[in-house]
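Two complexes come next, and they have one chain in common, chain A, joined by chain B in the first and chain C in the second.
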Partner chain A sequence: MTAPVPAPTEAPGKTPTPAPVPAAVPRRGPGRPPGARARRTRVSAALTAATVLAALLVPAAFPLDQQAVDLAAKLRPPSWEHPFGTDELGRDLLLRCVHGLRVSLLVGVVAALVATVVGIAVGGLAGALGGRTDRLVMRIVDVFASVPHLLLGIFVVAMFRPGIWPVIASVGLTHWLSTARIVRAETHSLRNRPYVDAAISGGSSRWRVAVRHLLPGVLPQAGLAAVLMVPHAIWHESALSFLGLGIPAHQASLGTMAEAARGSLLAGAWWPTLWPGLFIVVPTLAIAGLAGAWRERINPRVRSELTL
Partner chain B sequence: MPEPTSKATSETTPEPTPEPIPGPTHEPAPGAALELRGVSAGYDRRAPVLHGASLTVDDGEAVGLLGPSGCGKSTLARVAALLHRPWAGTVRLAGRTAHGFRHRAPRELRTTVGVVFQQPRLAADPRLTLADLIAEPLRATGRRAEIPGRLPALAASAGLGGDLLARRPHEVSDGQLQRACLARALVLRPRLLVCDEMTAMLDASTTAALVAAVEEYRREHGAALLAVGHDRVLLERWCDRTVDFEALPPR
Partner chain C sequence: MARLAGRRALAAVPVLAAVTLGVFALAAASPFDPVRQYAGSAGLRASQDTLDRLRENLALDGPFTEQWWRWLTSAATGDLGQSVSLRQPVAQVVGERLGWSVLLCALAFLLAVVLGAVLGVAAARRRGGWLDRCVTGGSYVLQAAPPFWLGLLAVWFFALRLGVLPAGGLTDSGEDTVTAGSLVRHLTLPVTVLALSQLPWFALYVRQGVADALHEDPVRGARARGLRERTVLLGHALRSGLLPVLTLIGTRIPELITGALLVETVFSWPGIASATVRAATATDFPLLAAVTVLATAAVLAGNLLADLLYVLADPRIDPEEM
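Let's look at the complex of A and B:
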């Protein structure tokens, strides 16, 4: 719709291109036209950039105390003074949302990295060695995957004092399973290529084959899995915090804010719930949109949905 | 038609019974570059590809292995290059019996065989430049220091110009890539070269150039050759003798 098919009669201005056959029909994936996809990518990129910039710059640019309590101004609706309103302790919601976003992004990115590294190590080991090791390792992965993520995550968090690092460990240690499966499958398909045979014949050790030939082939997929995991990790952190098991209540986190705002919601104050919720949903959708665009680049035949 | 510049390649001795069935009468042949005895191999136990195949390639000899597509020639070549573990039988390379295959084979035994595969696209890591591709065996065996001395001469003998060496596999043609794969197979100076349908995808002039490069290397180093293919005319001109896969004892 947005991209018209360049019919041969419509191109008199570009005469030197000898393309009389309608082979120039743009290949388009099933579903959405390419224009909508490009728009989605642009919007996602802009939102992700805005999120990251806000999280990085706002606390530095406005050194205001997000913990500052002003009971005289509690539960104020959005106004010029407090654009997002105030919560039940009179704290500025905009400031707290940005600080909460910082925590969520930190947890999301670091936990996704941890999960990806663990996943690459385990999946790569299973895929590169194959045989009995492969079967054993992947059955262990199955066992872990049979327990719900959140339950396993709660178990991990419960072992430590509350704080950011237990939450990161909880997310990282429960989310490596899918990466391990992806990496293992990719490694498996790569290790039977003749170039691996050639490397063996050329005297390469197992380690060298893995690091030089298998790992670089797996990294695009693993990187995509890592980016897709950031939204997962943010949701997981928010869920843990909402349950009171994640970030300690005094520290601003999108999950703790949503949890604290539940009471006010019944009193008719919608803003303390709305903003943290939006701050969870919008960045995760944006990051997932970017990852979807990346996936289409890697494999354009597979149409990707917004996967969360 | 390719015109290998080498010694008497036209003298072919098609032997109907190349080797006797492994038995006490078989001479040990200490100088044989490759000796396969009673090799049974395949990918599925219910449908073996090789049933006790035996084949000997003497030192410096060029043997052509002929057979139709899918008959198991390539499997035999893979066993000979220690890339596929047979279920039964012995593989001896330069008088040494192989007890392990793939990574389990000792590195110095693995590298006595150079292998050129049929499809250069699949046999080349797409991320390496041709220079890295050719030098990779030297790096893998810790002989990095030899790269500057070895690479230019080898690339020149394989017919690869300096510009090509900086390119990656997707930027060169199949023939150019196969030349690089041949150079890679020769970089460690193997005593036996296994060419598994090396020229099946190439045109006549490239075939001739590759065969000439192989023969030049063999003349210099006295290496043996096991050329696998289904082009009878080519292999009979190229090799000292040709063997029909069907005639390998016993099927």
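Let's look at the complex of A and C:
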């Protein structure tokens, strides 16, 4: 396990009250020692940076030759020459994983952006207008929320296949709900602040109130939600690709690689399956660690746990 | 209580109707044409006139709202259309496969709840201890790991490396009757993997709930009375810590369905979820529409269950006010 394990440690039972209770009583202490917390953030930041840099730089430096097949070297276990081993066509798995990560990360970031923009628009609309619009919009959110994400995604992709855009659309279509809810709640609470009243009585237009006064207050929360959505979107994309419904099979994405590895797995080779999954797990944990640090910065009173 | 249930069930009807309408609207907006799918390669040579007549015969003409209404009325009589990918009536596909999916999901859910409660309590007992670190760390990793990946690794290790459990399916090859022994062997891996994918949420929630409860007055009072640690932990902390988890169990249905879609595919489990994936690859609209509605109904039923449990478990809530 490469990711830091988050676990708030308690200062072991130093009860100030002279209670006869033994030291086993855990106190709501100051949480994890600051050093360990900072380390978690640093490790998360380093892993995230490494992920993004690898996805940006490596494919440019080492282009992936889809045609390069070396059957003599097929299904080699990890070695110095091929640190991750080779797949059933003798292609280097490390390189393919990084390329797959690039595709998955790209889909994840774009889909998260789509979902966040839709979520801010819908949630902001409902929160700022209130009343009947609010109720109607939230009913629509409820309808969307009652269909399981992956199933709706499968349906959309099945109907609009093939290509990368249906995948992005299916992730965007299913993931804006939480952002919309967060933004709506935040807008609701901001609307009752005196400075918004002051702006309205000062004669600001609705648009100006929404963009200048409400939106900036909403953005930190929405940004946090967007960052946390990227791993979700990657997860979603890889699941769709694994089911043969996502990224076209000839393109290396983490999901298509896991799909393609099923044959090799039955031949006893574990490495083509292991690495794509690790490339999903490690960035997910790293991004979650960073988002946790950010959440504490926004709202220091909450000693956050990791949220995925 | 009954009134609350009835009201919530009634409120689910428009949601279901909206979901079906949305499904038909999406299908109408998509480039996919069921008539050309039906005609197959012959459709490439057929004249527009023939295609139009075929469309009329298949009752696929008119705007999507009209088709939606036709589908709703025939669905009310139990006719959900014909599955293209499995060449069976959709109702028959659902009837044959739903039981296996429910069996898998129910067992996995049960395992996840029990295991999650045990691990959560164990972790909450000594926060920051090595067990707590293992449980929380493991939970985060499991939550980040895609279930299909866990499933594949489990197949590799238990079916191929150790050879103790079958890699998938419902029966061994060459066998065509389902016996209890082989069912248990074939269920073990899918149930465990599905349970592992659901486990983190339960474990973390129970841990949080119990750890919070350990700081509250009832527990302090129980300690002050000199009760045994076990009684304090299981009788007091667990009871109040488990309350929010129990009421939220119903809302975990979407995640369970998501997990089932992936796990059933990995293990070739003959359930409704693996049929859905096959239907999606073949653009089998009638089956996909039926499954979407079915899953939505399951989610709504889960929400209803959550509401009812909330009222049942917490006597301070007045059912008339919800």
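Note that in this section the second predicted complex is superposed on the first by the 273 of 308 C-alpha atoms of A that agree within 3 Å, B and C clash if a C-alpha of one lies under 4 Å from a C-alpha of the other, contacts with A are read in each partner's own complex, and residues count from 1 in each chain.
The working rule: a residue touches a chain if its C-beta (ideal position, glycine included) is under 8 Å from a C-beta of that chain, and two chains touch if they have at least 3 such contacts.
Worth saying up front: this structure is predicted, and the values here are computed from it rather than measured.
Visitor: Pick one for A:D70: touches chain B only (first), chain C only (second), both, or neither.
Guide: In the superposed model, A:D70 contacts neither chain B nor chain C.
Visitor: Chain A residues in contact: does chain B have more, or chain C?
Guide: Answer, by number of touched residues of chain A: C.
Visitor: Once the structures are superposed on A, label A:A158 by its partner contacts, choosing first (chain B), second (chain C), both or neither.
Guide: A:A158 sits against chain C, while chain B stays out of touch.
Visitor: Regarding the shared-chain residue A:E81, is it in contact with chain B (first), chain C (second), both, or neither?
Guide: After superposing on A, A:E81 lies clear of both chain B and chain C.
Visitor: Going by the contact rule set out at the top, does A:P231 touch chain B (first), chain C (second), both, or neither?
Guide: After superposition on chain A, A:P231 lies in contact with chain C alone.
Visitor: Which holds for A:A288: it touches chain B only (first), chain C only (second), both, or neither?
Guide: The second partner, chain C, only.
Visitor: Which residues form the common part of the chain A surface touched by chain B and by chain C?
Guide: none
Visitor: Residues of chain C touching chain A in their complex?
Guide: 15, 18-19, 22-23, 26-27, 30-32, 126-128, 132-133, 136-137, 140-141, 143-146, 148-149, 152-153, 155-156, 160-161, 167, 204, 208, 211, 214-215, 223-224, 229, 253-255, 257-258, 261-262, 265, 276-277, 279-281, 283, 285, 288, 291-292, 295-296, 299-300, 303
Visitor: What residues of chain A sit close enough to touch chain C in their complex?
Guide: Touching chain C: residues 1, 3, 5-10, 19, 21, 24-28, 32, 142-143, 146-152, 154-161, 231, 235, 238-239, 242-245, 258, 261-262, 265-266, 268, 270, 273-274, 276-277, 280-281, 284-285, 288, 305-306, 308 of chain A.
Visitor: Under the touch definition given earlier, write down the residues of chain A that touch chain B in their complex.
Guide: Those in contact with chain B are residues 193-195, 197-206, 208-209, 212-213, 216-217.
Visitor: Which residues, counting only chain B, touch chain A once they are in their complex?
Guide: These residues of chain B touch chain A: 78, 81-83, 102-103, 107, 110-111, 113-115, 117, 119, 122-125, 127, 136-137, 140-141, 181, 184-185, 187-188.
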